[in-house]
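Once you scroll down, you'll see the structures, which are given as structure tokens.
In the two assemblies presented below, chain A is common to both, partnered first by chain B and then by chain C.
And then the complex of A and B:
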């Protein structure tokens, strides 16, 4: 069953068309990787899905409800949460404040269980344990990324969208984050993972789509995409001969 | 010159500075939350003072007149935000500043029509003569004004540091887009900022009226001084606004007393130019940069 259906989504930044009719879907409990070069429209897609940008045309149905032209507040309430590019944590607030603010939309309803949920997030990212009262801005890049994802998880997402969570991070930290994403999928959270690091994304994704110039140009399972010459050249930096190794690793 | 005189200047300066600091606080609060420089903040002070005078002369008690005035001006703040600011919230900052300057002129014009050019007064909050401290005379109303500043600062501090909503406001100040992605609605916070600033302006207006009297055009100079105080302190810094306000008040009184009273208003602008030339981020403000 699909949790997200996107049909013919068109978004403009001024006169420039950033999305030219994007169509794709995400099923419940799967990780969909979204690949694309800089400027392909990946972040615009996530921004449009989360209500930051208004779509000029197209339809977005999330969990059975149309969310076109809805405010980001409404979309967050439905359980569609974006962890933005470059983390964008509240750097002068503490780790705990950042996490609690992630639950803003349900603060009045679920106040009593927020701290239990925070404990669960800290179990997902043990590296954050004991740092609850630290100012978020002084954390390392990796911990800030974990905090950004943790803040998103505090919103109780049905579908979590992550915009390039591996950017600028050491391979070990990326591996830790990808492990956490697998665990979230096992717990039933659907995930859309925007990445330029295709190798890392293919390791966790169930399906992947490739966006070029604001359109979906390829889609399929990572095992299929890894053999596509365009994907190999553009995102894996490999020739066809080397692709077999990657396919086997998957 | 006698030391008592300097003490007298200092006390008068701190009283005047408290007023500037209150207005600067309101300007900084709106700026931090919405990114808008509200040049109509002084008019909130004037409207608050004049409204309270009207209700007091109609027979209401002083506390009742104060409360009614604060509520009415808070509503005026809310109406201004919804009708004049919110519909154009994505406009450039220069457009928004011009809108607030226009609002300031409109409010002053309406105040002239309603209240005329005569000054209005309110009685001092506590009766009795000035208090003598080390030979300097302190007007009891000055203590009320200083007290209002302390209560306001404490209230803002507790709200921002200790409450969930205060932290939501701070989150919005730190990163508006990320706050939106958490479901925090910057529009509501913008409305809240104007309501708080309206109430704060009205309270300041009522508290200073027993010292300065209330006139339809009192807001212009006060708003300008509050703006200068906010710039001196660093436009995005609450602590800086308080220090900037107090410093400006003290400099003005010392300048007027020791050099010439004609220089009083010029001093604010001279200080503004010096700060902008040598420390444009303000005394304790931080440089706001943008990664390119």
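And then the complex of A and C:
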């Protein structure tokens, strides 16, 4: 069953069209990688899905409900959560406040539930343990990324969308994050993973789509995509060599 | 002595000092300056919340201040309203105006509020000047009655001093509560990252609107008290120049702090008094416009040497401070590389 159906999504930034009719879907419990060059429209896609940008045309059905034209507040309540690009943690707040704000939409409920959920997030990212009272802005890049994901988890996502979580991080940290994503999928969370790091993305993804100039140009299983001429052109670098490295990494 | 009890001792000493001050002061002049400081502090506390928490700036606070003052003046002298209803109108009216301007402008992501408030500030000032019968034009309105609350008539400076002291205290407590509340945290989250705040379902436009309306509410409160204190008003104190001064007071005191506004206002008012006395000694025919040069200078110096404001962080540098600096630099280079 599909948790997300996107049909003909068109988004403009001012006069410039960033999405020219994007169509794709994500099934329950799978990790879908979204690849594409700089400026292809990946972040715009995630922003439009989470209600931060308004779509000019198109349909988005999440978990059986149409969500285009809905506010981000509504969309978050439905369980579609974005972990935005560049981490965007709340620098001046503590780690704990960052996490609690992730649960903003269910604040009214019993506070003890929030603290239990926070414990679970800290189990997912043990590196954050003991740092609850630290100001988030002074954490290292890797910890900030974990915090950003943890904040997203605090919202109780059915579908978690991550925008380039591996950017600027050391390979070890990237591996740690990818492991966490796998574990989330096992626990039943669906995931959309936007990545520049194709090797890392292909390793965890069940399927992948490639976006070029605001359109989906190809989709399939990582194994199929890695040998595709167009994928190598658009994403893996121009040479067969680099593509080979990725293939070997798999 | 433990820190905690030292704190309470200080608070107790300050309270006693506050209460006995009018009896100790020889001159009414100093008392009147303290009253003005209190009134401006109300305005700047609100602006500080808007700037420090919501990350928005208003260049029209003097207009809200003025709407509050004119509401009192017009309603009491032209329509014979009671002093308390007129006072309430002085608080509600600016908040309403702010809601009307803020709703459409704060939905837009950029700093349109700054432009909108700039425009409103100028329009309102024109209205005060050109309002004919209603506003009394450039010469303004006189004969504002004394504020009466119950059997208490506020006809002397020391009474205003206590009245404003109570209001300032209430506002301090309110802002301190805000800082610890869900709204306060959400506002700071928006300031840190609006995208992430929205991605977490925080309605940034609605929260910024609340902060803006709150700032207008406090400006109106200050304006209402001002009118009752001075008992005559003219357009001059509510011009763009004053709006800028409010912004400077908020910035040099420290944004997002509780004591910052009081400190910023005190410094600026004191400086204003000194300049008023000093400048004519050197430049005989100088008008008020010279002051703004010094205010600008203070602002620039603060931004260079203490950008987070004068009320914060005079403690020694700690390890985590330098780490923070490092991290900031790192973040900066990352964002530049992008």
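In this text, the second predicted complex is superposed on the first by the 233 of 250 C-alpha atoms of A that agree within 3 Å, B and C clash if a C-alpha of one lies under 4 Å from a C-alpha of the other, contacts with A are read in each partner's own complex, and residues count from 1 in each chain.
In this text, a contact is a pair of C-beta atoms (placed from the backbone, for glycine too) under 8 Å apart; a residue touches a chain by one contact, two chains touch by 3 or more.
Predicted model, so just to flag it, every value in this text is computed and none were measured.
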Query raised in the report: Clash or fit: what happens to chain B and chain C when chain A is overlaid?
Result: clash
Report summary line: Between chain B and chain C, more residues of chain A are touched by C
Report task. Figure out whether A:223 sits in contact with chain B (first) or chain C (second), or with both, or with neither. Result -> neither
Query raised in the report: Who does A:130 touch here: chain B (first), chain C (second), both, or neither?
Result: neither
Report task. Give one of first, second, both or neither to describe whether A:39 is in contact with chain B, with chain C, with both, or with none. Result -> neither
Report task. Could you look at A:138 and tell me whether it touches chain B, chain C, both or neither (first, second, both, neither)? Result -> second
Report task. Could you tell me if A:82 is touching chain B, chain C, both of them or neither one (first, second, both, neither)? Result -> both
Requested in this report: Pick one for A:66: touches chain B only (first), chain C only (second), both, or neither.
Outcome: neither
**Report entry** Touched partner set for A:171, first chain B, second chain C, both or neither
**Finding:** neither
Query raised in the report: Where on chain A do the contacts from chain B and from chain C line up?
Result: 50-52, 71-73, 76-77, 81-82, 84, 88-93, 97, 100-102, 104-105, 107, 151, 155
Report summary line: Residue set of chain C touching chain A in the complex reads 182, 185-186, 188-189, 191-193, 195-203, 320, 323-324, 327-328, 330-331, 334-335, 338
Report summary line: As the complex stands, chain B meets chain A at residues 164, 167-168, 170-171, 174-175, 177-185
Query - Of all residues in chain A, those that touch chain C in their complex - result: 47, 50-52, 71-73, 75-77, 81-84, 86, 88-93, 97, 100-102, 104-105, 107, 135, 137-139, 141, 148, 151-152, 155, 168
Report summary line: The chain A residues in contact with chain B across the complex are 50-52, 71-73, 76-77, 81-82, 84, 88-93, 97, 100-102, 104-105, 107, 151, 155
